[in-house]
């Protein structure tokens, strides 16, 4: 059974309340339930972690390195600023899928550069909650390919 | 029945032959067959168009504006250089999904900027042929949402 | 009798349909008829050429070099990206007038730089269809001065 | 009867004397007479204002806001440096037409950026004295359109 | 009664000890007492929060969103680097006032750009502890205006 | 009795008329009356000077150097472009307070850089007319501190 | 027998007519004849392809991948702008020799950067028609070395 | 007896596991034991602190300001992004020695700029675990010099 | 008899009072007397003009074009910002000598670029009042050379 | 008989030993012998000069100005840094051919800019030792053309 | 016995005389004696070379390639400008240790970029004469590791 | 008696022969004789040093530090590239006067930045041989002032 760690960065605990015209009206719990439903349907196990603390995110990524087969992460505002998070993700030998609710490539200039992208297999950006589901599918497909 | 135009930009007719360490070993025909299979399974219709000519791509996008409900496009090298293709995609009122085989955000600097992104709903980048399938799913999900 | 080649770049065949809040509601045919009417009134002859293909535009410019006395061109999205079109316009010894429907100097940063401007006598930008008519007047005035 | 304020920025009082290979041999009075002739022919009224003082130009623009229906301005060297002039032009609800004798887009780098362009309807650049006449035509055409 | 959350970013707990030639000799407690005295005098209630942890600051801002009417924040070094803090401040519908002890616009280049400014009503910079008092006044004045 | 010179740069004589969605609906006279009322209440004397002419502003600053104890200035569009105004403000040994009606740090890129900031004690930006009142308070507080 | 594809980009069909002070007075046919003569003398076979269409150039490069042992290309204006052409040249496992009539490294800034160079063995620039002959020699020498 | 605080930034707790081709195979405990051995040999006392949390690092630096005579710090990924950490290090009057396992000046562009360097006495970069030992020696030598 | 116009830009009327550690303690009158003494000694005539108004400086330069044989100018803060002043100096066919009291090439970045330099024969920078005397000598030497 | 000076810049005396994967395995002597053989075959005379000293290279270029008809130079690392060498090459009225062993346009960013290119007829880059032979041929062809 | 070449770049022969507030008061001879003492203590042999000539430094590095086991170099001002020196250091297969007396990362912008760093194992910067001793230790430690 | 060292950088030994349209027709000997004549007239002693070698120039500057009272230097092409020369000039406590024959501020972009300027009292640029004479006068005037 494949195991996926889903990581939510800063402010994602506020989904549904904060700037809904950009980030949609679903709460993080609702999104997590959808991710779980898809995972169950695909015979995979997921765990969730959210924090507003860069350090806690790094701790969690290090801690899950033995358990998880892949990481799906929405790094939130740390996408553009955190070399430390990037280094944490580069550490384990796990595939990393980077997802974003909004299309960061058509927003402010400083949101267009992802420090995380350089350590990720791929990036999915702009589909709201659906970005996570696509990211989960991408992760499972990758693991299937690796197993041959 | 939803109708999706899938557009392949320059050099994608060479897939499977050209730089397989970057772009994978599947041919474009094989990818198109997978896309078609997924579309059929989801009750959607797809059409394909590939050209090495920027002008032909623009003609095709204009021509399909009446038929298609959404566009999934891998603009290839034009991603980074073609304002004209961007303007063509901005023309119709259709959602545009931008896909890339390789993760353009970890390649050469000039590949990290997409002129297309600013007129696309979202971008999927780095999952090889799977990028197209994820893009098709994203398009269908969008249309479902729009219909309410 | 003075002869003017009027060249329309990519996506201008879509005028009236595409982004009318930026480009207005007149079709290209309607604009061409207005240009022709003005030309006739001024005792000049005009020919029109539109293509979405950079190469076809270059071919047309080369082909008309013997016939035309001046060129009025709206290079569309190629304004900002095409060194090849610029080189084609620099080739013949004809005056080139660059026109734009929207005021490119108050739009996105990448639209503010014109590669064409450096080979053009002058530039008219921002007056919608009227930009073409002003461009035609400018061309005729120039030819009158040259004949002096 | 439409009323147009024609504003000439610094050094334009020297036309005909200064750098004629760039700016032509007509004096400002001769240009003003041509503008007036065209205006009269088109049933419009024009007033002229020239100053080498940025502040005087701003005063004049503020002062004419109640009288004029549109402004045709050649801001001279202030085009590239004056946020204050730009703010003055943005103040009234009048259409602004920016004109230049030489084609500023093929001159020194610092002349290619216009601070004025972002508050102007359009820009006409490179046709010598004819730039003013085209600017006047553009202004009258705009007013005609607005009146419907 | 109006309620203001006053947030102090990293290292501000060290005020009075650290680099007094730049930041002054008052301790944070002394500053807080002054803020409180002014608030009381103006019939407002204030709460204080200081942390050296970006994540704790984000938690506090989220937590106070229901209580506070406005936020006065000195983001310290995070001003220039934290997209996550910016996103947290953009979340609630509260006015944000950004304050700085030193005039950040005359210090090192990297201190001149504020990521916070784009989500703040206004910025007060350079008046030492007085910056906070001015910020409180500005917040109260804003709330008065909003209430009409 | 403390004496404050309040300087208004170009276009501020138009307040209330020009772009009220950015600059508010109060006229300059109304703002000056509010400043005067606050000054009187605080036992200070104010003088006002407004000009659209950079040179006149410099003359006034030089002229008031003997009379004033501090300068509160809203340099308008000259904030971003005038080295000469900056040099004038750097001349006398008086504290300078820079104020702006709108928050210049969230507007166009060229408005984010202040040449004046490097010669000012501090900057207040974004609170409309209230910016002046806060600036006056800051000036008086500074003078109180200097006197010990 | 070695086989070399010689590719001429946009506007090179106009050689001898267009800007002879930069590009010389030989026509493309004359240059091709010289190349052919040298090839024959060296026991090699050459084919020529010229187009003003980026897409046609890509088609031709793809088409000749099976026939040719090396490619000598003058990409014209596409040198500086076409990622798609670059990707086409990177596709086959053939050595690519980039040639230019004029010395692009002493012309306008935008001509000094070659997107093609990164996929080419080497570059020859500035010797007029002789650049092609040197390019052919370089190609033949390379093939000789590879064969050992 | 001299007292040195040795601070390890984010991800350094993972040493020996993470990217050993860049960072070596020693664990942090092994490195700390070597540092301690050297300190003991030199008659100095060391304390260690590691955290993945920027805020915790700042807390620790503030807390140790009274105990320590010098700080040896490897700020990890925060080197390039944390103004807050820099400000914390600038606070106490202690000499700061910046060390890095890899040579940051030959890695990715964003790793070449150290915000910490401007508040450090010196920097040692590229010698793996040995960087710490050299850093300790440098610190002790500095303290010896200061004591005269 | 040679005639030299000596022009002083903004704030130079304040010499001796303003920032003497940068600009010296001589007043403008004292400097003018020294210039006059040198001129008289060399058999030349000088006139002086100072203004804080860009427009007045332009008026004066235009007005003196018939009288003067050369211009020695210290443009003050306008050196770095005024295209209009530059254009005025480029107008007449007179040699222009640019002088500065301080060495602008070792001051703030924005002072190192002179818009005036491109229309001046030469530049003398950093010698205090002596810069003017050297400038006068340079002007006289130039005129001597031109006369042969 | 044509006379060509062949100049080798710093480190080229080390050819065959230093970084052979970039620069090849031939020694400088072997390359010089090949150049000489080709020159003899073409009825030309060559002289060689190598130095690791910028000044010695300049001396040699000045010294050979009377003897040589053309210069073929591989400036090595000075290509990108030496204005002095560039000025020396610009001095005599001789054609200069710039050659490089590796293709500098696909190496590190700082190697892509040649200060020498702007004073050279042309540039040949990337063909190993063959670059010199092509450079010699180009020089001889140029001299032939000049002689008509 | 290990052999280390210690190289001192331009102006280091002036140590103790030149700018002692930046570079300290020890002379180069005194530093060399300390280095030698440490080397002797560690059972290593050192040789010294100083020159103000880039070319002489390159000659010395080439000449010592057979003798030395490692190079410790303070390239002085050439650190930031000499591609030729960098290429010389990249030539031999010896480890290179870059040292600087002052902390170059907190000085002028142009001193923060080291061309040498990219060919060095590591860099030690800011410890005065101690930087050399630390560099020697680093070199010896490296050689010990390589020998296993 | 005041003693001035006059230093000429690379290629200045070629004056009169090299690019006379930029640098004039006088030889270096003729210029030196003029300098000497002026010095003698002013009761000063001059020595001359020219070299094409950066290192030799540095040696000479170090060597003359005890003899000279001031240095007048035309660094030639090293002006823009040599940190080492700059550091040499910063070493002694002598005033440095930088002179240039041509006006470097209106030539190519790379000639507008002087590394030397930051260690020079002042700069004189654009007056041909006269630049040296003005530089000598400036030096003598400075020494006179220093002596009081």
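Read from first to last, the chains carry the letters A, B, C, D, E, F, G, H, I, J, K and L; within each, the first residue is number 1.
In the analysis below, a residue touches a chain if its C-beta (ideal position, glycine included) is under 8 Å from a C-beta of that chain, and two chains touch if they have at least 3 such contacts.
Everything quoted here is computed from the prediction, not taken from an experiment.
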| item | value |
| --- | --- |
| Contact distance in steps, from subunit B to subunit D | 2 |
| Chains contacting each of subunit D and subunit H, listed by label | none |
| Subunit B to subunit H, fewest steps along touching chains | 2 |
| Cα superposition angle of subunit A on its copy subunit G, in degrees to the nearest 5 | 120 |
| Computed distance of Cα centres, subunit I from subunit G, in Å | 54 |
| Mean-CA-position distance for subunit I and subunit D (Å) | 31 |
| Centroid distance [mean C-alpha coordinates] between subunit D and subunit C, Å | 23 |
| Interface hub residues of subunit A, defined as touching at least two other chains | 53-56, 81, 118 |
| Chain pairs in mutual contact under the definition given at the outset | A-B, A-E, A-H, B-C, B-G, C-D, C-G, D-F, D-I, E-F, E-H, F-I, G-J, H-K, I-L, J-K, J-L, K-L |
| Subunit D partner contacts - residues on subunit C that touch it in the complex | 103, 105-106, 112-114, 117-127, 130-131, 134, 137-138, 141-142 |
| Subunit H - residues contacting subunit E, complex | 53-56, 58-59, 62, 81-88, 90-92, 115, 118 |
| Touching residues on subunit E, where the partner in the complex is subunit H | 9-11, 13-14, 17-19, 51-56, 76-81, 108, 110-111 |
